[in-house]
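Note that chain A is present in both complexes that follow, paired respectively with chain B and with chain C.
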Partner chain A sequence: MLVIAALAIAACGGSDDDSGSSGSSGAGGVSTGGKPVDGQKKGGHLTVLAASDVDNIDPGQAYYTFTYEVLAGTINTLYSVRPDDDGSNPVPDLADGQPKISDDGKTVTVKIKTGIRYSPPYNKVVTSKDVKYAIERAFTPAVPNGYINSYFAKIVGVQAFTDGKAKEISGIDTPDDNTIVFHLTGGDIVGALVMPVTSPVPEAYARKYDEAKGQSTYGRHQLATGPYMIKSYQPGKSIEVVRNPNWNADKDYKPAYLDSVTFAEGYEDPGVATRRITDGKSQASGDFTIPPDQLKSLAQGSKKDQLIVSPGAGNRYIGVNTTIKPWGNVNVRRALAAVLNRQAMLQVRGGALLGEVANHILYPTVVGFEEAGGLKGAGQDFYAAPQGDLAVAQKYMKLAGYPSGKGSSSTTVLIVGDNTGPAKLNAEIVERAVSQLGFKPVLREVSHSTMISKYCTVPKAKVALCPNLGWAKDFADAGTILDPLYNPKNIVPQGNVVTPQYRGSGIGADIEKAQALPAGKERVEAWAAIDKKVSDLVLNVPYIWDKYPVVASANVQMVNQLWNQGSIDYTWSSLK
Partner chain B sequence: MQLFMRRFREDRVAVAAAAFIVVLIAVAIFSPLIRSLAGAPDPNLQNPNALDVFGTPTGPSSAHWFGVDELGRDVFSRVLAGASVSLQVAFIATGIALVVGTSLGMIAGYYRGWADTVISRAVDVLLAFPILLLALGLAAACSGIDGCLGGLIQPGKWLVIFVIAFVNWTYVARLVRGQTLSLREKEFVEAARAMGSSDRRIVFSEILPNLVAPIIVYATLLIPTNILFEAALSFLGVGVQPPQASWGQMIADATSIFGSAPWFMLAPGIALVMTVLAFNLVGDGLQDALNPRSARS
Partner chain C sequence: MTAYIVRRLAWIVVLLALVSALTFVVFYVVPSTDPAQLRAGRNPSPDLVESIRHTYGLDKSKPAQYADFLERAVLHGDLGYSYGHDEPVRQLIFDRLPATIYLTLGAVIVWLAVAIPVGLISAIRRHSIFDRLAMGIALLAISAPVYWLGLVCLYLFSKDIGQFPIFLGSGTYVPPTTDFGTFFGSMIMPWFVLAASFAAFYARLLRSNVLEVMSEDYIRTARAKGVRERIVIRRHVMRSAMTPLVTVLGLDIGVLLGGAILAETVFNIPGIGRLSYEAIQNGDLPVIQGTVLLGAFFIVFLNLVVDIVYAYLDPRIRYS
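The block that comes next holds the complex of A and B.
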């Protein structure tokens, strides 16, 4: 998923003391992941402070980290991930056991639990047909979904359904109320069965909302199957979740200690929000960036236990538009990678506690990371010096046809970056790197949302470099990073995340080939090879593998979703 | 002139302020030399090694007298560079506002009639806008990657100059119009007209010289306002573009880390206050010296 929020700046260092935290200890003794502990108490109310609203509260449309955090307690996807897992080991949630995969990998059968009931006012029992409807509706214009075509398009009959030639997707069978069978044309669907779109939606209840004019309004009236249900939703203000009276604790692995949770939105001043949380009671941080000075004092001070930094929160990279001169030249791109001070890019974000210097796109915790070179990378000289190496950069500039090793100052390079926070500093470091190559950088700083919506995802905006992009996996498959970012078939006029717009070197064919492989070693190695290729071609310049900080009040036993960038998991957190 | 100089010299505070401005201008012009003598780095040199392990700026030291900013850039060097930007913007924007305002004010006041109506109403309309909001709106509208007016105005220093001049010419025009309306009825103008002088000669030879004193006084008051204006626009993120240094932008950068690095705000803040104060004191001194009716207590 696109990393929309400009993630936090943090700090490392201090003592190695690891007092009292339930998670493991990272740099400076700061906890690197809040895990469940024995004896957590039941009851109480938690308030999660957030700057912004969810992208869409409808599980069929949700695609932001914060939305996943909210929906974690209200929906049951076929499979889900325990909070202390990085996403590699999904467990049955709505499903009753592991999926059965045919020998050719083209048929996936999932049994679902019996007796799971929807929240009021519907109250009926969940059936496999509801899961089928949930997936089908995500292929309709009324339920725009950001990933459905990437992960579910290989179900037989999808094309006919989306073309309007079939009323249902023929490749999804529901032989009985507790069985759903996916027939595939190839590839792997199992990993994607953790996505919110696999949570059941009863057609009899939802159709009237799905057929409303324009976009479906089901999200505002949605039913819950999880331990909590949405009591009220005021966009941009608050989301209140309370216990679902129809939830059966015996059929769910989530403990659901808390009685209720309020997501209070509109906390646009992260400093105020952070102070309120750390000084107050029963509160936790949602989507906002914790200011660097507060993070520093938290990491060093007596409130260290209230801060948790989670690894595997995504990558950060400079989007490079290869259709604009001189970035079509691979050696110029390599020169940029060589001269960029990636250590400084990390340092201004908070240093080692908040990440590692990246040298390829896949990041730690993603399956295939080790096969792609792990922390060391593939050994290219242009990624060798984290502080940047001008001599290596000049070598590549000469190879690119600039005999002096420097580009022409008459060549302007349009860079569009964020106008606030550490992202702004990152953009200014990139600006300097471009000028070190001899080109004339023109840096335009705009708000993050403007940068995304108007410039860096709009090919006709002709932006050369976008320094503030990032991506996090959707589930434990490297394809959830490499396909959306590099597959030429995903190049679109609006909302384009294939920033390089690169169609050469057989990248598209490689990706299609990897997508067609069933889960397993061969698939992992195929993605690792693609990662090496795109990193070698410097289709984007990776600079950080992220870690993500969250804070909570002292009386909160914080448990984090390692699979969801470290967001607080309120279905596992509790009050002390 | 001698009377003016004598009266101005008597105002010691104004003289001291004028001396400060002279020094400031010298600093702005010779900042690379001063940096080099002080052994300070280039204002745009990013040095992450100067940040602490948490990535936050370190305070004043022998290597960095005023500390470093969030990119490890030397604050001393950037304050020097900021002086140049502030003065350039203030002088150029004030100059443009004076030329445009004086020209239009004289046309309105001398010719009256439809010219006066059009110019005065335009001034009234512009003055009806909340100035900072208008400037912010203009600056924001032109801060996109394409600039505005078909790309003629690009984000950066020149946009700030344009915005400030666009806002400020109205005050000058109103002042000059009023003065011109009064001067055009004076006997020496009547005499020139009776002698057959052309309008152009009357305006440039009779009226304009009599406007110089109030214009100079007003300019000295406008310059500090414009310095603050530039700082405000840069503070609000629509001013000069990075990596160019600006006091307002430095103060904005410092606010987010004020808790851990209060000294970061100190240097550009003091520079800004001192500069504005100096111009205001000189303005007051000039006003007193040029106005024979003013009495100093």
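The block that comes next holds the complex of A and C.
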């Protein structure tokens, strides 16, 4: 679930409604979850309109919500998540039953289903060795993978493999064709077994593509094990998926009602695309965010049943660099959190339909959110007023050593934000908040990719505040948010997402301890405590918990992936 | 003439080399993004970023990178590899170019078919109601941005979201070889929208050229000799008045073939313009460089074509 803000960060969300209807009704009558219903019709073709292309069609490289949406029907990961689940209850997919975890938590054994076949032209049966190869190839330069080191590096023997000292990862055993065993140095790997990298890739077929000059070209020739296979992929134009003739419905829990799906790309104007979907037939939205004015009119009009808004689509925060004065002072950071008009930050993005005012980093639907304070947060006064409270801000400025309650105008604060859309407005609201604290803001507005790759993830760029950052979970574990964003060991010269670069208060040790815990209540509470700590220290300033809207034509029984930021799940959707 | 053409072709090569050097400096020496980091995605390990940098040759010195690019481009016609699409840039360009050519040629036909008669009649019937009306509309058309006009047309006339559903809308483009009827139907609105401001500009340009030429002595002479007005207009006025139009036309076609970004984006036509737009959004430097070079090639090449056409339109022009 690649993406740092601006792109529609969206994620999983749950609804309390399990009535089996097409979704529950949230505030304002907007449906908050498209669930499977009884008697869905089989057959037909769906067109999903999207603005952008997938990041990489190779399951070993894919790391973007829209790509996951496409691959959901073509691959079988060891475990996956049912569409109406927020990600916290993975079910066996390629795996045959729950994983067996040893008492010390360091050995995880997974049985895989027998008789699963690859799509043409390979047609052979999937074995556990294919899963091993899929993971190993993601550690090679030919298959750049953004998360493999975060979640799979704790497998024994990874270091030797990546250093070229071993031909395979010694900590992955395949005692027979239907068993794979992971030997770990510690921590938990089970949650990550839902990631696309655990879908099988047969070495005998893929090796020639993985050894192509430069990066692997396997993605363009990939095999499917799921109900669908990729018939054609035209980068930036379209992706067509059709039924996989080798798919065995008895071995898969996905119903796969539709006969085929086209992902039509290049719909850069979300207004036109939204209108086309809602007025047309057999269409649904892909990766674009519905414009706020259309969203409002859809939510209040006769087509509100065609709209689903999923909570838990990620968070948005101001990245605060604590190595730059005066942001090393916790009370100055608290003053910023207090004075920031988070309500306005939300309003310019579309208001309550598209999110909630945030008061800590973990967001709704993430395991640990409730333990960290839930919607109310931990009760700090500097998060108490969504519209901002200058008096509270001044109190903290005084505590920070500014007797007048205002900072010095000779202190310049470099802010780097986006130069278009609501993100630009967010940056300007932050600029105003810095002014209110008495400092002199210097706002540099650049394109989103420039903001990310040249400024906000490059420590030597010395940016004080980055108002357009955000994060979304990779799977249900809160560690997929808190570890990358706050663990000091992740501070790197480039591609650095530990924006605060903060090494104090034992944050690193806390995170390492939480990472070492096996799945369970203790682990959840450990992450919740870390969330409270980083939110109290205002290592970043959270301002929105995102929701994500999707629309479909009236004749589409829309089911969406709550675990995948609310995207349409075409393996469960159908035509009416 | 042949020597002139050969000389100009040689200059085209020099110009393209200069353009490639300039784009290399702009996008590689002082880049606005780090492609390796963008390609690596969220939370990459430093090793991953470095391996991608190595894969794309971005870890070499800048002169070495440029030398590599020139060698590949000149010797193998290889414009590099798209970071975003995982495909050779040359293949992407070849894949997208036909749509841009169809869009451009169709729009050119539309705007010339509108501009020439309107400009001519407006000039001949100067200050008439037709002239005032046509020039007023032309002013409006010039002022209407393609993106805005495209959206208005979609909301009014497209079959999927329009109030008066007549034409195929956004995203309906198919190659003519696949289904000519659908292709033609899907291109009608883009052709007219793209042609609108050009037609207006050309009509105004032609009108002023015709008025200027009609006041020339040789026109008065022709009329005094008793040549019929229709022949005066066709043989003498139009021939002279069209020459500046040809210059502008050559440049405009060159620019549009380099990518009609707005029209392609609003109508979701998978051409060079949309490819450039996506590349800029994603920091896909090889694609940006490839499309810039393509645009530059079309502009300088069509300039040459214009100069050659000049010689035929104006017998006074001789190249040596």
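To be clear about the criterion, the second predicted complex is superposed on the first by the 556 of 576 C-alpha atoms of A that agree within 3 Å, B and C clash if a C-alpha of one lies under 4 Å from a C-alpha of the other, contacts with A are read in each partner's own complex, and residues count from 1 in each chain.
Methods note: contacts are C-beta pairs under 8 Å (C-beta built on N, C-alpha and C of every residue); 3 or more make two chains touch, one makes a residue touch a chain.
Just so we're clear, the structure is a prediction, and the values are computed from it rather than from any experiment.
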Chain B versus chain C as contact partner of A:Ala461, first or second or both or neither: first
Which superposed partner A:Thr323 touches (first chain B, second chain C, both, neither): neither
Partner chain(s) touched by A:Asp55 [first = chain B, second = chain C, both, neither]: second
First, second, both or neither for A:Val348, with chain B first and chain C second: first
Partner chain in contact with A:Thr179 - chain B first, chain C second, else both or neither: neither
First, second, both or neither for A:Ala299, with chain B first and chain C second: first
Set intersection of chain A contacts, chain C complex versus chain B complex: 271, 446
Footprint of chain A on chain C - complex, ascending: 31-35, 37-49, 51-52, 54-56, 81-82, 84-87, 92, 95, 151, 154-155, 160-161, 169-171, 265-266, 268, 270, 274-275, 277-278, 281-283
Footprint of chain B on chain A - complex, ascending: 9-13, 271, 291-297, 299, 341, 343-344, 346-353, 387, 414, 416, 419-422, 424-425, 428-429, 431-432, 442-446, 455, 461, 463
Chain C partner contacts - residues on chain A that touch it in the complex: 1-4, 49, 52-53, 55-57, 63-64, 141, 144-147, 149-150, 162, 214-215, 217, 219-220, 234-237, 264, 266-269, 271-273, 275-276, 279-280, 446-447, 449-450, 452-454, 457-458, 484, 490, 492-495, 497
Chain B to chain A touching residues, read off their complex: 44, 46, 48, 51, 53-56, 70-72, 143-145, 155, 237, 241-243, 256-261
